[in-house]
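Have a look at these structures, which come just after this line.
There are two complexes below, and they share chain A, which is joined by chain B in the first and by chain C in the second.
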Partner chain A sequence: MREVAVVAFAQTRHSATDEGRCDPELILPPLEEVREKTGLRTFGFTCSGSCDYLAGAPFSFVSALDALGAWPPISESHVEMDAAWALYEAWVRLQHGDVDSALVYGFGKSSPGDLREIMTLQLDPYYLAPLGLDQVSSAALQASAAGADRAELDEIVRRSRAAGRANPYALDLPDPQGDAYEVEPLRPYDIAPITDGAAAVVLAAGDLARELCENPAWITGIAHRIEPHYLGMRDLARSTSAAEAARAAGVDKGHVDVAELHAQFSHEELILRRALELPGNTAVNPSGGPLAANPVMATGLIRIGEAARRILDGAASRTLGHASSGPCLQHNLVTVMEA
Partner chain B sequence: MGNPCAVVGVGQTHYTTRRRDVSIAGLVREAALRALQDADLTWKDIDAVVIGKAPDLFEGVMMPEAYLADALGAAGKPMMRVHTAGSVGGSTALVGASLIQGGVHDRVLVVAFEKQSESNATWALSTHLPFSASLVVGAGGYFAPHIREYMRRSGAPAHIGHLVAVKDRRNALKNPYAHLRIPGIDQKMVESTPMLWEPIRYLDTCPSSDGACAMVLSAGDKVTGTTPAWVLGTAMRSEPIFRAGRDTVNPQGGKDCAADVYRQAGITDPRREIDVAEVYVPFSWYEPMWLENLGFAAEGEGWKLTESGATALDGDIPWNASGGVLSSNPIGASGLIRFAEAALQVRGMAGEHQVDGARRALGHAYGGGAQFFAMWMVGSDRP
Partner chain C sequence: MTLEARHVLEFPGGYTRTTGPVIGRFLTELRDGRVVGVRTAAGRTLVPPLEYDPDTGDAVTGDFVEVGPVGTVESWSWVHTPRRSHPLDRPFAWALIRLDGADTSLVHAVDAGDVRAMRPGLRVRPRWRAERTGHITDIESFVPEVTKIVSPVRVEYVVKPGLALTRFLKGIGEGVFVGSRCGSCHKVYVPYRLSCPECGIAVTEEVELPDTGTVTTFAINNLPDPRAPEVPFVSAYILLDGSDVPMIALVGGVPAHEVRQGMRVRAVWIPREEWTPSMENIRWFAPTGEPDVEL
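The block that comes next holds the complex of A and B.
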């Protein structure tokens, strides 16, 4: 595989409420920041991730292209998925050898709608969606199947929210309190907060990566796997697709200093840690993770960006960025980066 | 360009107004199974699945790749969902090809679909984000002014669009998968249909179809089945919808995309060197417009080629021998059908609508406000 690295990462200061910014306005600052960091104004390939259902209208990526400028016309594509998969598509495109740089971005505003209900529309439209089993309820089924220990979950939330308060881009959320359930066994604080935000990443190949930054975060493994959609077809306590993606990405070939996991519910972190076989001394979600900021469709890309940032800053030598999609961790992408 | 990539299997469903007998999953599986059969492969030979469709509001299913993973044998494999508006079918093929050209996989299944009967596409196309004006006009209302501008600039007479409508639908009579099959269609019949968005009459527009198309793409050293179609060039281009000064009649993105594909395929004179083209023509007037945009004719001259019969099945540059988007339009799949039909032509497998001796074919798709482009050139000779 051709050497490709994350050379720049930027994100918005995410917000829990609508601040009156439309999608292009959310995207512009991170785009400008990665352009400034790399000095690149044009890219060999551009790819974005977003979801029309968050905007409640088709073609939400079209206006994003206006934010980008895209003139003269650019080589560009879009995945209706978390932008982590846009990064994957860009990484694949860089493997051809004819372009050396790629711009990746993702954006989403959850504040205008009801995310919990919107995500229900992702289910099989004939048999599952009409049942009205919403996102939090299906997550609660998984939490039950995993049989997570309450103290362990509380510790995950406490740690994530504390890290989030120390992260200028994440939300300021208090320590968990109260024993009311949202959907048993999930408490309100076990659920990622409603968040608006965007992020951008620049990928570069070989010598260009070395030119553009001092410590490129080299992608030494990247893979993703999907599982059956029907919850009854899966052992919800485990994530075989995360485990298979981790194996394919070579997670076990060295020590993971930092792992940024796309866990939108506290119990998902437990399932993912086990699937990825992360040792106890790996720092998990030092950014606060999705429990501290969850701009849907950018959250997975931010995990890769945050994991890359530790290498770009010289703070870590081997990190992991994870992204997930579909109900109950149906689809998982694992990226391993090294100094 | 990367590693050699070939189309080894093509599968289509019969395009029709309503497929009440199958779910969305059943529809895509039908196309995928036919592509696998053509490639002489089974599900286990596939390394990854790439799926494309137009906006999720068309069926009301958000991110349907999650639900379709089971039907497409994707469990345990990587699966991706592409969405680039109307060009998505083409982009889906290009992402699939990219996985092979980049050396990531050996065999990729690409599938694109639309089941328009489950919803109302014109409604979905008319719903806009809160900060932009909604004209509530669907795609025809958006494109009609650009067509009128083309007529003004080129001086094209009013009947040119009708000629395309007749030509493509006559071709469709030779294609067993085509949706609209209108025996005895002629110019008079098109002219007698209601005006929808001037100058677009009812029979100048594409239908709303249910349908899916699939292809199996293979690395050069893993080719199976009968004759492969070799990928000679691929490109995508996008430009902003609201850029002041953008030429929506002859978009720069389309010109650049074609130039990139021609360069990769070694084409310098598209009219002479390309044997057949499957081009995204959802409204009849887009044939003369794209003839110019794709370099088959000089600016202002495209309509003359159409009028001369050059683009007919027996002309020197047949366009849309399959009947094109005007005859079958499962929107998200329409681009992939163009790419797949181009492959069938150079494989010599296009049946009654086969262009004799076709060795190089162009597949083309566009989308958004004529701002997203995806194209590929396929050939019968290994590059």
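The block that comes next holds the complex of A and C.
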């Protein structure tokens, strides 16, 4: 296996409302930042993650390439998912051995549309989408199956939002309050906020990584696993795919200083903590996590970026970045990084 | 100035999708008002059917079996405010429903009326659309099985109080408690009665008793009663002065938790012009303020 590391990470100052930036305008600042941090203007491979349904336009990722300078033609790819999976593709591409650097970015604006309706479009078109089962309703089904304790959920939200207020890139959200339900048992504050934003990561292999930065965040394990899409075929109280991905990525082979989890609903953090068997002294989502800023399609990449940043900064020696896709934590990707 | 435009993404008429033999069979049966599952090689029954066994990825068998239509709710979420895309326009539950005979759960809506009607283990069955087309929404929603009914009962009678009670109520109509003294054991009973239950003999001596007495025991009632002023209310056994057996009456004019055994009480009468031959003449017994009595 080739040594590959995260050598740079940047993200937008995410916003809860549409600030009028189109996709290339959103991507440009974090791209410029990672170019500046690494000194690289061209990359062996470029891969992005986004979702056309967010913009309501086909091939919207193509116009986003305007931010890249794609002439003469570059080696480029795209995943119609969170950019964490674009990072996985780039990591696989670097394993081929013929290129040494990769640029990964993800972006999403969920403010222009109705995210709950839009996410219904990712469900199977025979059994679930025609029912109009929306994202929050299915998440509430999972929260109910998991039987999450209200006090524990409130504490997760309180901790995440406080961390988010201390993070200049996340949203400024108040402590949880009110006893109204969005979809019972979920309260409005159990749900990740509508967010617009983008993020970029640079991966580099071997000596190039050591040249580009002082403390590369070496990817020592990366794996993803998936479960059946149909909710009734799974035990919603558990995430077997997250557990299997964690095992395959070798999470248990050492301590974990920081874990950044892609939990878009408070109960998902409980399910993920259990599945990943995180040690008790691991700091979970010190960035605030998705409950403090959730730029859809960049959120998972940001988890890997935030986990990497602790190593780039020299603050941690072993961290975990997690990303999720599909309804009710259907698909999970776990990345372990070490100094 | 901010520029804005409305943008609608729509596929008029909708996508045409082929269903294949597995999903197609399920939807065809659904149109006929039946729910079927498909067997995996390992013998599990998948409902709704998938083309593959989620445990192994292998193709399922061609063996379809009818399941349900009754099922058991495994877990649910409750939609207080339905969205336009939702199947019902009133609050409802999304539920994972294990149909009888199935090894997996179906996701559908449950029209239960109230969140308090939902519980794990709730038995539900489909409410079918009259016009079915072979679509998951041919089941409009699931509804709870009938497990109880409410049967109102009402019969009317004409009752007379009997000779002794008539004599007693006539006394109440005049503001007097009428009792009777047994000629054999000398016990005084109130309300007035025509025989002594201890001696089994007729009683003829009338006595007039005062409207004061002592609480011997009492109960604080937290269920509403049409004869009581409010909840909680206190019903008590009151031993009228000069009698040997207590009679039951309401105690009022005092917080319920302050009522005690041995408390001295007096009847509170409604205004004299409203008196009839009825216990309604006495609103309740209220404390007199005298020292408690040792019982």
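In this section, the second predicted complex is superposed on the first by the 339 of 339 C-alpha atoms of A that agree within 3 Å, B and C clash if a C-alpha of one lies under 4 Å from a C-alpha of the other, contacts with A are read in each partner's own complex, and residues count from 1 in each chain.
Note that in this section a contact is a pair of C-beta atoms (placed from the backbone, for glycine too) under 8 Å apart; a residue touches a chain by one contact, two chains touch by 3 or more.
It should be emphasised that the depicted structure is a prediction, and the values quoted were computed from it without experimental measurement.
When the shared chain is aligned, chain B comes close enough to touch A:330, but chain C does not. Legend: residue contacts after superposition of the two complexes on their common chain; A:230 is shown touching both chain B and chain C. In the superposition on chain A, A:66 makes contact with chain B only, not with chain C.
Contact with chain C, but none with chain B, is seen for A:116 once the two complexes are overlaid on the shared chain. Of the two partner chains placed by the overlay, only chain C lies in contact with A:130; chain B stays clear of it. Legend: residue contacts after superposition of the two complexes on their common chain; A:33 is shown touching neither chain B nor chain C. Of the two partner chains placed around the shared chain by superposition, neither chain B nor chain C is touched by A:3. In the superposed three-chain model, the partner touching more residues of chain A is B, compared with the other of chain B and chain C. By the touch criterion stated above, A:154 is placed in contact with neither chain B nor chain C.
Shared contact residues of chain A, touching chain B in one structure and chain C in the other: 53, 56, 125-126, 128, 227-228, 230, 233. Residues 2, 7, 9, 15, 17, 19, 23, 27, 46-48, 50, 54, 74-80, 83, 85-87, 94-97, 104-109, 115, 135-137 of chain C are the ones that touch chain A when the two sit in their complex.
Within the complex formed with chain A, the residues of chain B that make contact are 1-2, 23-25, 54-70, 74-85, 91, 94-95, 98-99, 101-104, 118, 124-125, 127-132, 235-243, 251-253, 256-257, 260, 368-369, 371-373.
Within the complex formed with chain B, the chain A residues making contact are 1, 22-23, 46, 51-53, 55-63, 65-66, 68-81, 85, 88-89, 92-98, 118-119, 121-126, 128-129, 223-230, 233, 240-241, 244, 325-327, 330-331. Those residues of chain A whose C-beta lies close enough to touch chain C in the complex are 20, 53, 56, 112, 116-117, 120, 125-128, 130-134, 137-138, 140-141, 143-145, 180-181, 183-186, 227-228, 230-234, 236.
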